[in-house]
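Read through the structure below, which is laid out as structure tokens, and then see the notes.
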Amino acid sequence: MFSSSTSRNDPRRFTGPDGAYSYHDILTGSTPGPTPQPPKSSMNIRPLFLKTGLLSNAQGSAYVEQGQTKLLCSVFGPREIPRRSDFSLKGVLSVEFRSAPFAHPRHRISSAFEAQPTEKELSLVLEGALQAAVCLHLYPKSQIDVYVRVLEDDGSVLAAAITAAGLALANASIQMFDLVLGASLCRKNDLILVDPTLNEELGASEGCDLDSEGHASLLTIGYQPSLDQLVAYQHEGIITVDQIDQDVELLMKKCKGFLPNVQCCLLESLKIQTKSHRQHE
Amino acid sequence: MATVLVSETEKLYVLHGVQEDLRVDGRARMDVRPIVVETDLVTHTSGSAHLRLANSDILVGVKAELEATTPARPTEGRLEFFVDCSANATPDFEGRGGENLATEISQALARAYQSAHVFDRRQLGVLAGQQCWVLYVDILILECGGNLFDAVSMAVKAALSSTRIPKISVTAVDGGEPELELSDDPFDGAKLDLRSAPILVTLLRIGNFCVVDPTPEEEACASAGVVMGVNVQGHVTMTKKVGSGSFHQRGLIEALKNGTAIGVELNRQLLNKLEEEDLQGYQRPKFGFLS
Amino acid sequence: MGSSEMRFVLPGMRICAQEDHYQSGCGTYVLHGYVYASLAGVLQIQPVMKGPISENPSQTSTQDLVSVEVHSPGEQTVIPAVGDVVTAKVMSVNPRFAKLSILCVRESVLVQPFRGLVRKEDVRATEKDRVEMYKSFRPGDVILARVLSLGEASSGYLLTTAENELGVVIARSETAGVKMVPVSWVEMQCPKTYNKEFRKIAKVIPENLADMAVDVKVLNT
Amino acid sequence: MVMPVIQLELAGVDAQERDKFDGGHEMGSNQQLVSPGDLITTDVGFMRGHGTYTKEDGLYASLAGVVQRVNKLISVTPLKTKYQGEIGDVVVGRITEVQQKRWKVNTNSRLDSVLLLSSVNLPGGELRRRSAEDELSMRKYLQEGDLISAEVQNVYHDGSLSLHTRSLKYGKLSQGTLIKVSPSLIKRRKTHFHKLPCGVSVILGNNGFVWVSPTEHEEEGGGSGGFSQNLSQVPTTDRTGIARVRNCILALAQNGVMLWDTTLANAYDACLKYPLTDLLKSDVMREIAFVTRQNLEHQ
Amino acid sequence: MDAQSSVSEFKGIQPLEYFQQHIENGIRVDGRRSLHDFRPVTISQGTISSADGSAVIKQGNSVFVCGIKLELAPPNPNEQNKGFIVANVDLPPLCHSQFKPGPPSEQAQVASKFVKEVLENSGIVKLEDLNIKEGKLSWVVNVDIMCLNHDGNVLDCALKALLMAFTDLTLPEVTLQEDDEAVVETGGKIVVNNEKRSKLTLHSKPIACSMAIFDEKILVDPTEQEEALAESLVTVVLDANSGDLVHFYKPGGSSISRQKMQECTGLAKKQYKTIAKSIDQAGVVTKMDSKQSK
């Protein structure tokens, strides 16, 4: 029989049998898990592929591929604030960050409609970043919805999501003070991995073991290149303030490094839009 | 953040005050309001603490439960934080109102305690690959008088320091399944090593300056802030931006430096006081919520 | 600046210093004395029209003011603002006000409608006391109106039709459901049944919608 | 960097010290404290007021508070309560909503109070007619979050209040700070506007909202209908005074001392011997309240 | 008012009239020349490397992605020789402004149910093939179909995405050590060889063809707007291998005559081969490219 067993707590979708587990769980048991990363700093952001305006329904959208990390962001609005809420002369941003059930290389992410705590937290981080970037005072009584879906997670998702959201907002012709770019790095003492993959990120959190020498940390920033402001900033793991200073500096440099890519992507879609607009006329 | 309504002129008054290093309640930018802490109040928990920072009132209970280990970390136990922003604290928390704040606080705590260098989860291990202690840290926000991150984290640290993990002896029954035996003596418990445990310090940017321990009115005036986890050794264990504004790199680093200094001092005083309380023994008078 | 070459700008790009005769127009903002772009789009330098639109009334001066603007190509992302003329559909009518659904702002179609409200006293400019809502609007009518204010938190934008050019532009007859033709300031007639119905009618009826349909065909071939 | 002030105490330390200040309640012997269900009197000659109910054998309290007798009317005034307004009261309130022709004001009452557009003096003088334009630009005068001082004009049947600001002393409040205390702690006086000698003005709203601000100079205001706002920076000396007064008010309120000009002045004098930053400590606060109360008894 | 804005205003204010004028002329709002034309389809397979099988399909402006994640579980006690397929269709808020964050919308539930029924009826995968060891271990095939841009015809797209993801799917070799039965549940004696992966045998090739009925006219492959204005919707599913009717689905709407129904089936029969061919020829595109220009 096809599993028609809709689980008790979520009758609105089909769920598999209880006690199902990923075969990767056994894989890691039999073979030595992820190949240990060679202790070599990597200072480069993985190849970036950016594209805006590929979804027709959204006011604006962006697709970002950063190495194997793939995500999609769409922007709706400004539209009327749906529920009755307090009058605000400022617009409201609502951000939802979710991962597709198949996004994680090892585990299936429960597709339950209730977001995971980490997803909720990332939504809030993203919201905080975009609130600083969008000219919300120009959108009284309205709401701008930003939805991010991770299609494949291979590390640095928050950074990629920040870049994608910035692109999607610009593509939606929402007024912003500046573009926003995201970048992250993983540090283990003096070993620095810019734009870490999932394995490297996991390595960082495993580096938190007492056995392993030294401290590991993971830092993500959201950066406005021309205003030189940090709109998002999130870090975990042991570090000193001086190291943070260096790392932030480095990441800002990296952001400026791929700024031309972001600009090119937007300009290209502007040119296409202008052309098609003229043809209509 | 639960925001209170504040008029533009009130904001201006707060802003100028911060500029002059003389805040509305007379404090300097880096001054903290008086804090009162008491541990071991709730008898049905493994550890608990009640902390009052001005009008912020926090109750934390820790429950230790035996559970299966995770395959990734067979020798370690787990810490689970749960924050309840009850509508008691402020009407804004009614319904799902406090949910976002609760997520933010619990995630910040989880991140701050993540590294093994600040909290060694192996002290929660029982039987490698099979059983471990899971500490459920339940945080109840009873009243909301600003600066919740800091107040909660100090209460959590106090509650963890009062936590006793029951002694367990493992007996192997002739080659079969090992058996666990829990000690009968309630006082026969191990204390946790919290020497490196962090607390959270919030710094809010008001105008061009940062303040610590903001009041709700000050929170309403700030555009951006940073929450950081600091332990007594001065290690930064977690940092994140809060609020809707942005930071310049210099401002951020400046804030983090100030925050580290405050965090070290707060940690030191907290540890001292907790030690002092511990020396008073089980028989010390309890004051509870009437103090 | 030559108009033949289009200059594209992106949010955050510094356009020029904010000097006496350069003004920050739509799609830009001013920071530390410079004009920055806030939109991804085409840069346009336009002479400032004198009158209420001027953003800086103190500078109604001898100099030729120019406004630095950025326009995004294609559809503009708009929300209703005070003073805008909007196209709205009447959703319900009661003796005190009519509830509307705003569909277009100026020439831009909204992706999703906003709520609006026309109060009895804002229906027309004269004889305000004798306005009867049911003789002015009916559910389903399409009207032109001007935004008065943002309104209250619970209701939508406050609109007015108290101008000759504002009011009902499309209405269907009660019995036959046919598009009616205006016969006076306050009456429309059904071409099928010849029944007359009362409305607050807008003066300029835009080009017959049938003509638009011709455009549609032209565009699609 | 100057070492920041941090004061972290265990719960016990504080409670032990308190005992020495307790006992000096200013409740006179003629005041009767009751809790719900307490018998007030079995005398049948009295009339039943607020906070009381009658059973076969007498009059009982339905609230915890102080029994009050006005001629034959017995009522109980609760100790802690939402504000119950009376006509003529001076209140401080915060605008929560801008509606058609009226503002909603939070005055610490059970229901939001109402300030009608027709009950305010608009800029341009009292005789100015209110036009439809004013109605649309109400948010320019008062918007969400703004603070006002006002007088209770009317009490509606549901207990909600209608306010007015048609006097130059009322209107929009400028720079300063708001303190919220229980309305029962505000003593009814002829005036609730006080200029303390230290350059600080205080409005003791009957509703328990207390506004502390720098004293404005006379030449300002007038003709603006109370909408002018002084946006210049408040000098440090005034700021120190305001911080002191603010903390004194909190000290008195936390220790149950009624607030009026005399207690404020006494408390301010008592606080001067402490550095400003100490005024947040609970033992200092108690000391200030204690001294204030003692002075009151001597006078 | 220039011509373009008046057209878009007309479309916004009187969508029904705008739509009617097109249909009367036998053309479609999105520029298709015939009521029976399909929108162009592009498909890419294996784009999501974190999934065991994946496909992205674009049909006009509708974009769907399907990812398959494999899990292991002991089989159902009543059906010891069978595995599991769990298929869900997700219509997240990102794909259309009508959807809000939260539990699945009714549309998504309906689509999930449709996909499940087609899976059951067509026998595309035999559940017995998903059994590894009778009574001990089976595959759980989690199929998640997610809409990224909803411009109508969810069912056709979802089914195509599912079919292409299934063709892309490979399963790692799993062996069980016979001797110790007790420890199987803990996974102790299961050996997974991730290097050696094999494809799943597909036993049929269900192809859906959706139609909207409007003023007695049948519109094939309706857009979202056409679906919203249509009187009735019909979906016919045929097996491309045998040409048999697998499923007929008509959710609500106004009733249709038997002739109309047969007309629909006839249309589907005429079209399914072309669709099947278009899928086969769609080929593998590695990156998502820009939206189809109109």
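Each chain gets a letter, A, B, C, D and E, in the order it is written, and its residues are counted from 1.
Quick note on the criterion: a residue touches a chain if its C-beta (ideal position, glycine included) is under 8 Å from a C-beta of that chain, and two chains touch if they have at least 3 such contacts.
These are the chains along with the protein names UniProt gives them: A = Exoribonuclease phosphorolytic domain-containing protein; B = Ribosomal RNA-processing protein 42; C = S1 motif domain-containing protein; D = Exosome complex component RRP4; E = Ribosomal RNA-processing protein 43.
Predicted, not measured: the structure shown is a model, and the values here were computed from it.
Annotation of chain A and chain D: jointly contacted by B, C, touch as defined at the top.
Each step here moves to a touching chain, and the least such steps from chain B to chain D number 1. For chain pairs A-E and A-C, the one joined by more C-beta pairs in contact is A-E. Once CA atoms are averaged chain by chain and compared with the all-protein CA average, the nearest chain turns out to be A. Averaged C-alpha coordinates put the centre of chain D at 66 Å from the centre of chain E. Averaged Cα coordinates give chain C a centre that lies 48 Å from the centre of chain D.
Each chain gets a centre from the mean of its Cα atoms; for chain A and chain B, those two points are 28 Å apart. For chain C, residues that reach two or more other chains under the stated contact definition are 75, 111-112, 152-153, 219.
Counting only residues that touch two or more partner chains, chain A has 25, 29, 76, 79, 86-87, 89, 224, 227, 276, 280. Each of residues 97-98, 144 in chain D touches at least two other chains.
Within the complex, the chain A residues that touch chain E are 1-4, 10, 12-17, 19-23, 25-27, 29-30, 49, 51, 53-58, 63, 65, 68, 70, 72-74, 76, 79, 82, 96, 98, 100-105, 108, 111, 113, 145, 147-149, 151-154, 272, 276, 280-281.
Chain D contributes residues 1-12, 14-15, 94, 96, 106, 144-147, 173-178, 229, 231, 233-234, 236, 239-240, 242-244, 246-247, 276-277, 279-282 to its touches with chain B in the complex. Looking at the complex, you find that chain E touches chain A at residues 2-4, 47-51, 54, 61, 63, 65, 67-74, 76, 78-79, 82, 84-88, 90, 92-97, 100-104, 108-109, 112, 116, 119-120, 127, 140, 142, 144, 146, 148-151, 172, 174, 185, 187, 190-192, 194, 224, 287-291, 293.
Only residues 1-14, 17-18, 21-22, 25, 27, 31, 97 of chain E touch chain C when the two sit together in their complex. By the touch rule above, chain D contacts chain C in their complex via residues 97-100, 132, 136.
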